[in-house]
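Report on the following structure.
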Amino acid sequence: MAAALTVSWSALAAWPHWLIVLILLPLGGAVLTPALYALQRRLVPWWALLVAGLTALTVLPLLWRLAHEGPFSYLPGGWARPYGVELRFDEFAALLAAAVALLAPPVLLFSRRYAARAVPAGRLPFYYTLLLLNLGGLLGLAITADLFNLFVFLEVVSLSAYALVAVGGRPVAELAAFKYLLMGAISSLLILLAVGILFALTGSLNMADVAQRLPALATPAALTLAAAALLVGFMLKAALFPLHNWLPEAHASAPGAVSAVLSGLVVKAGIIGLVRTYQLFAGVELLDTANLGAILVWLGAASVVMGSFFAVFQHDLKLMLAYSTITNIGYIVMGWALASPQAMLGASLHLFNHALIKTTLFLAAGALIYRTGLRTLEELRGIGRTMPLNCAALALGALAIVGVPPTAGFVGKWFIALGALQAGRPFFALVVVFGALLAAVYYVRIINAFYFREPEQKAVVTAREVPWSMLAPVLLLALLCLGIGLLARLPVEFLEPAVARLLDGRS
Amino acid sequence: MEIVDPRPLLALGISLACALLVFATGRHYGRRVLWSMGAALLKFGVVISLLPGAMAGEVYLFRLVEFPPGVGIGFRVDLMGLFFALVSSTLWIFTTIYAIGYMRGEADRAQVRFFGFFALCVAATVGIAFAENLLTLFIFYELLTVCTYPLVIHKETPAALKAGRKYLIYTLGGGGLVLLGLVLVQHAAGTLSFGQTGLLAAGAHDGPLGGGPLGGGQLGLIFAVLVLGFGVKAAVMPLHGWLPSAMVAPTPVSALLHAVAVVKAGAFGILRVIYDIFGLELLAQLNFTQALAWLAVVSIIGGSLLAWRQVNLKRRLAYSTVSQVSYILLAASLLNPTATVVAIMHLANQGFAKITMFFVAGAIEQGSGRTEINQLDGIGRQMPWSLAAFTVAALSFIGVPLLAGFLTKWLVILGALEGEAWWFAAVMVISGLLNAVYWLPVVYRAYFRPVTGVVADPGWLLRGPIIACAAFVVLLGTTAHFHLLPFSVASEAARVIWAEVAN
Amino acid sequence: MLPEMLLELRPNLDYAAVVVLFCIGLYAVIVKNNLIKKLLGLNIMETAVFAFIVTSGMVEGGAPPVLGPGVMPPLASPLPHALILTGIVVALATTALALALIIRIYLQHGTIEADQLRELD
Amino acid sequence: MKKPLVIALLILLALALLAAMAELPAVGQADAPVHTHVSARYIEQGEAETGAHNLVTAVLLNYRGMDTFGEVLVLFTALCAGFAVLLAAARNGNKHYRQPPAPQESGAVPVIAVSPVVSFVVRLLAPFIALFAAYVILKGHLSPGGGFQGGMILGALFIALTLVLGKQYSARLLPVAWRPWLYALAPAAFLVVGMIGLQLTGYFLGYPQEPAWHGVREAMMVTLEIAIGVGGAVLVASLFLALESD
Amino acid sequence: MTQPQNIPKIPAAGYELPLMLLTGLIIAGCWALIPGALAGRAPEFSLLQLAPGAWLLLRIDPLGVLFTATITPLWLLALIYSRGYIGTAHRDRYYLVLMLSLPLALGVAWAGNLLTLLVFYELLSVLSYLLVVHEETPTAKAAAAKYIVYVLVGGSCILLGVVLVFYLVGGQTFAAEPMLHAGLGWGYLTAIFVTLLAGFGVKAALVPLHGWVPDAHPAAPAPFSALLSGVLVATGAFGIIRVTHQVFGVELLRELGFMHWVSPLAAIGVLAAAVAAARQDDLKRRLAYSTISQLGYITLAISLLGQELLVGALLHISNHAMMKATLFFCAGLLLRRAGVRRVSEMAGLARRLPWTMAAFTLAALGMIGVPPLAGFISKWVLGMGTLATGQPLYLLVFMGGSLLAAAYLLPVVYIAYFREPVEEEWKNKAITERGAGWMLIPTLLAAAATVILGVAATAPGLPLSLARVAVSPFW
């Protein structure tokens, strides 16, 4: 039985086109959404959910194949590398793909009732379209192995993200979206500039090909500029301190489900970009990657501390969560830049886990706002009594993001801290712990306000649990926050070889 | 001999189930009481059922889950942990009875929260006691922090909230240090599992992705981080600030903080650090424990001096705890078999005596609303049973023979002498005297000052646990040579620890 | 150092224009108060980058890469052109969205001056 | 205070950029990697492999078809984004969201009184402009030009007509019921063509190279060109209409 | 002058008689042990293990038997006396504590090892607090507070010493062989000696540590003052004997020479306390200083390390107990019957309280050492012992002490008998011994015992013979 299952799985996974299907599904689904809306508007949320579900299913054979065969490529048009565009499914792509696959269905299910209220009716089809485009773009960005193609998908992601921030129609959100757009456009330009330089230097756009050709070059300044432009560009996208200041407003003022996607997934595009940058320049001896790494480590650490520090002083629940994203991006970048096996492993894990946890938190926060219309901790006092399940999910998410073992948040931080020691830089282990403490401080504030304060607002007293279609995804994700933590050895074993490969490529 | 046995998990599960049941159905008085008492008794039964086997040298293991490779949650019952679990589960019974009486007048909602979180705290304590590795210990240590918070702020007054905040800041800070230590240990040793003579003793292992060799400085850092981390909960002197503030909580909570769980958890953590993480041999070479011993001395003397200055009974009790718990640290840092016995034994000695006093303080407050020492004139005649128990506990702290405290004092001094450190012996003597200086006036007032005002009868729900705990104080002081009673468990635990060194 | 650099730059002087353009655009984005002007700055930057990439595909004396009778190598590289075509579309899209947002902001707040918008918060 | 600082920083940035640029292969140098590596193959075999005389089109639609697929997606995204931002927010009934303040000046697009001369010229030229657009689109894979360029011309024509003839007329030019399908046209065409390619060659967006299939290849590429053109035109036109909607 | 009390009839609590009977049985039991002790038997009983190797252990050796045989009768006398003396206030507590302290005192006497000694000694001391504070007047409270501080500090010192010994040689039983030996190192031995001597010295009113004595005695009720002076203080001396002879051993002490420091201290105590006593007007204070002085005798005797001297010390413990009890009983009678505390107020009281003053005179003479009373015997043995050890200088101290005793006790007698009473003050008041039988009988019994212990000193079973048996193993 088990053998038969295995065989059929491998047969299924062997179908070569899953990788392209992975991006065609959400993108195609998005393309058809406005038309579907015109035909039968009530079906649109279900349609989006169906597309997301199918996409999620598509990830499974890909993961299976990756786990058994290692990274593999797909060549659209059949053009051999480096002449065409290559898609490549490696462990890092898989991380983001898995995150998208896991989170998209709950977010879309949540959106059905939520968006009906939070988004003006006329904009609803475009809300779903943009969400699907965003997810599809993220998948494309994750799996592409071509520099320019990366840029294109990054633009799909960014453009949809800008619009999604503003889709709710709140004046604050529109300003925030513009700010986000400006920053995002600059970062895109920097990335494009870097792509141009690399192209001029190597005549190629395929990442592996470029990475192979770069070490032969004798142009330190150009290489440095390319690397710097890529780093700054992706750091902006990832909202690393000190390039973070577009993020809090944008993420906080967007509708809840959008915030979840933005904080959980879209900033990870920047991280994936950083990974790719690292892969590009890992072999370049002319470039002092250690120095760049050192800068990134410090920026990551600063993000951790500053993000938490700002979050401590926020009153708006979603702003807190947004600042917390900066902190967690800091963890990931720090882990990556420490460049020791365990730190990289931790950063990779945290990439996925943070996506999960932050989505949980934003959805739960969105549910609170959906019921009460209130956003600040002071106003939401005592909400734990009237919306106990939702608040329990939020509390579980909070525990996870603080990094309380055995939740999902713990594993990543654990390995990052170990990795800091492994790299011989215990200070950064201290930063990890300190960041967790600061996080504990502001998440405790949230829990305290929700559970241990008397309700003051009428909306809080009369609130009741959100409908099941919103509550179910929140609870499911909250349980996953715990479950993924408990099952963390699977991703660890999955990622260890990838990290080892990456570091081998360097040495 | 290691045996896989689910009973540790069962003990934990009983408390957890109790918490869930209370939260779910606790609005009904009878059910609340039934769940709490049932779970307390049941858990005591489970824990005590582990004792005979453990005394016979069996070690019960139960690994629950392993999330990153080599890092997981598991339970392991060795004698030291079992002793701690026994103390806390015994005290849980008494505290539950007392709390049922004490909280009678409170709103249902408050009671549900109280009993629910109380059960969670006790669950966490069992988790700490039975932790198989440092991570599990840490998880439950933090769970304890989190679950105690609602209890500390029970009254929801501004003062209570402030105290709760202070408590959290301190203990989360301590937790952070422990976490840091956790990472450092994992990095240095490549494992977190207890049950060997010193995780770090073997020097450099290879972690999952490779580790590095250890130097004295690194070990010192680990030691300092862990000891200070656990020291926050153990209320070691510069880190003790939260303890007196947390006195705003209702009495059963104070009992929980001081006797059943929290402070003990810190002390127990330090015991684990010394005996399991570093191991006696390594520490003997490193000389770190000297520093810990002096830290403990500062707490012992300083705590007493501060207690002397308090005019509020519960605050005096609180500072007294600062002093008393450091006995454990002092004893543990002496690194010889006798001191090891008392380091473990004092967990019980301090627990029962201190809980008696807190219960009495609570009964007085409940009956008459008096909280300051100078209001206690003549209370001994109005509440003869309670104050008799209080006196027994006070005398125990002073170190009067045949009471539990004498045993502690005796063994710590003996341990100090064995460790060629007579000055610690002197410290113990001075501390005993200081205890007399601030406890006897209270007793004196209670008995020899004219009666003032009226006191309501505390009722047997309060009086019963008080008397029982005082009886335990006497029992602990007189039953050293009976098999399966606390002292023999503690000394067997110490013997096992030292037997490993001898091998 | 500077003169040396300029000397080295001489064959790449075309690129210098790109750099200047890029900086001008960035200047506008940072300093200009009007959101439209910021957007224009962004467009200038985009243009600079496009110019850079197209320039890199140029070849001395080369023909456009459109084959046909009489077209002789050397040909300019077709790849940068293709990239830029996509790039332009992206820029168009960004600009369109930015303009839409500016319109919304203007409708909501009655101004598109950055400093006044800051005060509104 | 701020400006000099920015200028100083930008000069520093410019120097850094210049330093990097100086190291790049000289402009126009024929043996630069840009010309010797990937491009060389495009130039040498592009026509044979793709059937396009215009090598830029060959790259766009064949070698790097994915990029162009991305490009149309960006267009589609921009379109949706524009709608998502611009479509009336006031019409939603949610009390929790602040209503936008009444615009201080009426309308985003002022009503222009169109002179009869302009109106006449536009109407007169419209067919020719449309023809030109079609030419640019269809000719693109042979000579300079292409779908996008043609689409822009078409879009501009639409705007001009709307301005001149009014909104009613635009609804006839671009029927409301068709619009969602037109939005989707370009990416959907890529999907379909890609799938046909998949069926024919085993690769998404693959084109059959056997001489017997050249016609099909041509058809596929032309389809894409038209789709891109229409997509571009629809983008420009729709955003223009959306701007006016509020 | 305090107002003479109007001799209230104290209602019986009902349990006095059973208690007396019980005490009588205990006395009988203790006395029944004497033959065995004379035969040199020392049975042991283990009670309880407190800590590993640390047992609570009873060992009924001749020394212990001697002590118990002497002190238990005092309890009976005190009980009887209390029936007449103690009012109804806090009476239950008083009797409870008094009866509890008896077994504790037995425990001290029979303690088989240092730990047991410490345990019973500490419990006895702490419990005594309740008796000192009995009257709950401000002076009583202050005195009791002072007492408890001294006791606890002393107890802590003892604890240290005991743990040190335990650490060095384990929980050894008291035996003829000393526990310690020179090989343990000078530092440890010094520490042990200092802590133990200081600890027991507090109780034994060794001079720099005597501060609580003059306060506690006057504050306590008379029957307990008698026990305090006769028994509790003596437990300190008893402890010192155990320490010097059974923990260290004579040889070791000689070798170490610690006693050269103790003897002068004790000698100063004898003389200085006597001088101080002479200066007191409060009778019980005067008696208290007398106790310090007399305990000085005992300490001095112990410190000189001679066999005869030790016999004399033991003898003096029992004799002094009896005489001092008599004196305190008399003081109590004077207070209760005449309302008199001060010596200067006693003028002519002998006419109204003839039996009382007769007993007082007898005991005072005994104290001074007039033959053939008890005091003479012990002082004679002490004197002989001093000469035997070849330290005649200290003989002078003993003699000086006696002389001074005469100086502070005889004036009391003189004033009571021969000074004319101030008529106006008390002639109309009913100062009489009638109805004071409960108090008078034990007083007279004690006085009689003073005589018997002197006259029949050499009878077997009386202290002298027992003391010789008890001491013999040490040499």
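The chains carry the letters A, B, C, D and E, assigned in the order they are written, with residues numbered from 1 in each.
Quick note on the criterion: contacts are C-beta pairs under 8 Å (C-beta built on N, C-alpha and C of every residue); 3 or more make two chains touch, one makes a residue touch a chain.
All values derive from a computational prediction rather than experimental measurement.
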Common touching chains of chain C and chain B: A
Chain E reached from chain B - shortest hop count over touching chains: 1
Steps needed, at minimum, to go from chain D to chain E via contacts: 3
Most widely separated chain from chain A, with each centre as the mean of CA atoms: E
Taking each chain's C-alpha mean as its centre, the one farthest from chain D: E
Between A-B and A-C, the pair joined by more C-beta contacts: A-B
Chain occupying the most central position, where position means C-alpha average: B
Chain centre separation (chain C, chain E; CA means) in Å: 110
Distance between the centres, which are taken as Cα means, of chain D and chain B, whole angstrom: 72
Between chain D and chain C, distance of the C-alpha-averaged centres to the nearest whole Å: 17
Geometric centre distance via CA averages, chain E-chain A, whole Å: 87
Interface hub residues of chain B, defined as touching at least two other chains: none
Per-residue overlap in chain D, given as positions that touch at least 2 other chains: 17, 19, 21-24, 32, 34-35, 38-39, 42, 64, 67, 70-71, 74, 77-78, 81-82, 85, 100
Residue list for chain A, restricted to those that touch at least two other chains: 148, 152, 155, 159, 162-163, 166, 171, 174, 177, 199-200, 205
Touching pairs among all chains present in the structure: A-B, A-C, A-D, B-E, C-D
Complex contact set, residues of chain B against chain E: 338, 341, 395, 398-402, 406-407, 409-411, 413-414, 417-418, 422, 425-426, 429-430, 432-433, 436, 440, 444, 448, 477-478, 480-481, 487, 491
In the complex with chain B, residue positions of chain E that touch it: 48-52, 54, 118-119, 122-123, 126, 133, 136, 141, 145, 148, 152-153, 156-157, 159-160, 163-164, 166-167, 191
Chain B residues within the chain A interface of the complex: 65-69, 71, 73, 135, 138-139, 142, 149-150, 153, 156, 161, 164, 168-169, 172-173, 175-177, 179-180, 183-184, 186-188, 207-212, 221
Residues of chain C that touch chain D when the two form their complex: 2, 5, 8-9, 11-16, 18-20, 22-23, 26-27, 30-31, 55-62, 64-68, 73-75, 77-83, 85-86, 88-90, 92-94, 96-97, 100-101, 103-104, 107-110
List of chain A residues in touch with chain B within their complex: 340-342, 345, 404-406, 410-411, 414-415, 417-418, 421-422, 424, 426, 429-430, 432-434, 436-437, 440-441, 444, 448, 451-454, 485-489, 492-493, 496
